[in-house]
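Right after this note come the structures.
Shared chain: chain A. Partners: chain B in the first complex, chain C in the second.
Our next item is the complex of A and B:
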C-alpha cells in the first residue's frame, strides 16, 4: 500500500522544473585552494611570524629572584597552584565543577606530578651541588612527610606574611627548605634548571607540561601574559603577541570572560568555575546553531533577512519571484 | 625573519578600549577586511559568461 503524501511532501517530491545552471564544484574548489595557498604563502613571506623572546627559568630567576624563590618554597610546601590543582596531575583538589558534576575527576590522574619532587628535589639531585645543598637534600630525603610539610609550610607562611620580601622573613625552624630554595634559585640563574626540567622523560623531549606548570605557579608567566595583553579578562584569547592579528573568531568565547559573574574568580559557584561554565554555555550555543533549522522563529530568519535574494538577485528578477508576504 | 616589517610586527600592539571592550588595531583591521569581503561577495555580480539557458 503506497503512502498518501501530504501536499508539501508531494511538492517536495516533484522534479525541478526551473532553470539549470552549469556549475563545476571541482574547478571552483581548485581555484579557491590555489588562491588561498598563494595568499597564505605571500603573507607569511611578507609578515613572518611572531618572534617573542623565550621565557626561561634563567630569565625568571634573574629578573624576579624573590618570586622564583618564594614559588620554590610553595612547591615544597604543597601550596602552589600545581600542587593543589587536582586531576589530571594529582588528587589534591576537586577541580572545576558544574553543580554536582566534577569534570576533572572523570578523567582521573593521567599525568602524575609531585610538585616538590618533580620541580625542586629531582632537578637538584641531578646536578652537582654545593655541600650546603647536598646536606639539605639529605636532611629532606631522610625526614618524614609530616616534618617536611611542617618545615615548608612554616616558611611559606612566613614569606606570605611579609608579602614575599625575603629579607624581612624572621628566623624560624624551616629545616633544609631555605637551602633547597636557594640552591634551586642559583641553579635557575645559571640556566641549569631549564636543561634539567627539559631532560625529564626522554632523549627527544616535546612535553613541556612541567615547565609550563612551574611557570604558572609564579608571577613570571602571568606578568608576561599581562604585558602582551593575553590575559583572559582583557580579551586575551583573541590576541597575539606583537602587532600580529589573533584569533578574532574566538570573540564570543572570549566575551563571557569580560562580564560578571565570570570576571570574579572568588564568586561561587559560577565565577570560580568560569572556564567550565563558559564551556557549557558555548556547547549549548553550538548545539543551538546545529539545531537552527528546527527552532521556530530562528529557522524563518532568511525570510525576514533575505540575504540570499541579494546573492541570487538576477535569478529572482528574471523569474519575477516576489518576496513572500508574512 | 628580519627586516623592518618583522620589526614593526613584533612591537607591542596598539589597543582600542571603550569600557570593557578592547580590541587590537590588527584584529580590527582583519575583522573589517572580512566584513568588506562579505559585503563585496554579496554586491558584486556573478561573472556571467554563459546564459542560464546554456545548461538546458
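Our next item is the complex of A and C:
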C-alpha cells in the first residue's frame, strides 16, 4: 500500500495545529451519564415495558383443541412443518438455496428432531396413561414404519378433507392414531405436556427447541402473532407486543419482506427462497456499511452535499470559509 | 536489550500513541463545537445504563421480572436504555457519515464503529429471545427460518433458550464492550477529524 496521500489527507491525518478550546472530557462524560440515567428512569416510570405472558400447550389444547389434535396427527404422519423441515432438524427436506449454494443443507443436522417420537410418543410414554392410550402406544411401537405412516397419513388426509372438523371425519383404518392424538390432547389440556416437553426425560433442561417447534406447527401461535400485529409480511419484525417501540433498527431487513419478488412464495428462484436471499442481501449490505469509506460515489456524498457546513457552522463562520476548497 | 522485551515495547508504543494527555484531554480543536459530537458520548452513557440494568436482571435470574414489580421496572430501564442506545448510535453514525469522519487515517475507526453497530443488533436480538414471554416465543419461531436458510441456525440456534441466554449475557456484551473501548481509544489516539474544508491555511493563521 504505497499510495501517495493528497495534501488534504495528510493534513487530516496530522495532529491538529490550529486553535484550541477548553474541553472537560470527564465532566462532559459525567453529565451525559446523569442526563441519560434520568431520561431512562423517567421513561421506565412513565411507560414501563412490555411483558406478555408466554403461551402454553395447555392454552392451545383448551382454546383450540381440534387444531391441537390435528397438529398431533400431522406430527405422527410426518406432514407437519417440523417433520418436513429439513436441516438442521432432519433430512426430510432440502431447505432453501441461493443458486448453487445449499447453505442450509450443507450445515447438516445439528438439532435432530423426530417429530412423531419427540413430540408425541415420548411425552405420552413418560406419563401414567389410561388403558386405551397404553394399548395404542404398544400397537404403535410394535407396528412397522410403513404401517404407522399408513395409519397416520390416512387419518391426516381424512382430517384435511373435512377442513379440520373432527366430528365430520368418517370412520376408517386409522390404527392407534386417534387414541394417541386424543391422549396427547387430554395431556395437554391438563397442563402436563408443557412439563413433559420441557424435561424431555431429563432433570436439567436449557434447550427449548422442541417446544418452540411443536408450538409453531399449529395455528395457535400464528393466530396470536397475527392478533398482536407481529407477522413479518406486515413489518411485524419491527413490532413489539402492546404499544411499545420494537426493533426499529431491523427496518431494512424487514423492508425486503414487503416487496416482490420476496413476497411471492411461488416465484422461483427468489420468492421461494426469500429467507436466504434476504439474509445474503443483508450480509452484503452490512459489509457495505463497514466498508463504506471505500465505496466510490457513496464516500464522496458528504463532500458533495454540504451538511457539514451546518455541523461546523460556527467554525466555518469564524474562519470565514465560504466555499469548499479543493 | 530492553527494546526487545514485549513488555517494554508495549509500554513504549502505548506511551507514544496514546499518552495520558491524549487519553483524557482538557482541550480540543476549536471546530469541536457542535451538538453532533455529543452523540458518541451519549451512546456510551446509554450502553452503561444497559450494562447496569442488565447486571441487576442477571443477578436475579431471567424470569424474575415476570413476578416482581421492581424486577419489571428494572426490565423497563433495560428496555428504554436499549431504545436510546440505538437512537443515539444511529444519529452518531449519520453524523460521522456526513462529516466523512473516516478521513485522515480514520478508516479503522469507522470500521470498528460499523462492526459495533452490526454486533449491537445481534446482541439486542438475543435479548428479545430470552425474555421468556410470548414475544420471545414468537420471535424464536419466526426468526429460525432466516438463520437456518443460511446455514447459521445449525450453530446459532435461536430456539435454544440456554444458548441465547449465555450469549446475551456473556459473550456478546464482552465483545461489544471491548470493541467499543477500542473504537473510543482509536478516536483519542488520532484526535477528532478536522472539518471537510479546513486545510493548512486555517492552522497557519493560528500561529
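We adopt the following convention: the second predicted complex is superposed on the first by the 280 of 326 C-alpha atoms of A that agree within 3 Å, B and C clash if a C-alpha of one lies under 4 Å from a C-alpha of the other, contacts with A are read in each partner's own complex, and residues count from 1 in each chain.
Going forward, contacts are C-beta pairs under 8 Å (C-beta built on N, C-alpha and C of every residue); 3 or more make two chains touch, one makes a residue touch a chain.
Model, not experiment: these values are computed from the prediction.
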Checklist outcome for this item: Of chain B and chain C, the partner touching more residues of chain A is C
Item to check | First, second, both or neither for A:243, with chain B first and chain C second | outcome: first
Checklist entry - Looking at the overlay, what does A:104 touch: chain B (first), chain C (second), both, or neither? => result second
Checklist entry - Does the superposition put A:162 against chain B (first), chain C (second), both, or neither? => result neither
Next on the checklist: With both complexes overlaid on chain A, does A:32 touch chain B (first), chain C (second), both or neither?
Outcome noted: second
Next on the checklist: Contact-wise, after the overlay, does A:295 reach chain B, chain C, both or neither (first, second, both, neither)?
Outcome noted: neither
Next on the checklist: Contact-wise, after the overlay, does A:88 reach chain B, chain C, both or neither (first, second, both, neither)?
Outcome noted: second
Next on the checklist: Going by the contact rule set out at the top, does A:252 touch chain B (first), chain C (second), both, or neither?
Outcome noted: neither
Next on the checklist: If we overlay the two complexes on their shared chain A, which of chain B and chain C does A:229 touch? Say first, second, both or neither.
Outcome noted: first
Checklist entry - So, A:284: does it touch chain B (first), chain C (second), both, or neither? => result neither
Item to check | On chain A, positions contacted by chain B and by chain C | outcome: 19-22, 47-52, 228, 240-241, 244-245, 248, 307, 311, 314-315, 318
Checklist entry - So in the complex, which bits of chain C are touching chain A? => result 24-34, 36, 38, 41-42, 44-46, 48-49, 53, 65-66, 72-73, 75-81, 83-84, 86, 90, 95, 97-100, 102-107, 110-111, 114-115, 117-118, 121, 124-125, 128, 131-138, 140-142, 144-155, 157, 159-163, 165, 190-200, 202-203, 205-207
Next on the checklist: Can you tell me which positions in chain A touch chain C when the two form their complex?
Outcome noted: 7-26, 28-29, 32-33, 35-37, 39-41, 43-45, 47-55, 85, 87-88, 95-96, 103-104, 106-108, 110-111, 206-209, 212-213, 215-216, 221, 224-225, 228, 230, 232, 236-237, 240-241, 244-245, 247-250, 273, 275-276, 278-280, 283, 286, 289-294, 299, 301-303, 305, 307-308, 311-316, 318-319, 321, 324-325
Checklist outcome for this item: chain B residues touching chain A in their complex are 1, 5-6, 8-15, 20-27, 29-31, 34, 41-43, 45-46, 48, 50, 52-56
Next on the checklist: Going by the contact rule set out above, which residues of chain A touch chain B in the complex?
Outcome noted: 19-22, 46-52, 227-229, 234-235, 238-246, 248, 258-259, 307, 310-311, 314-315, 318
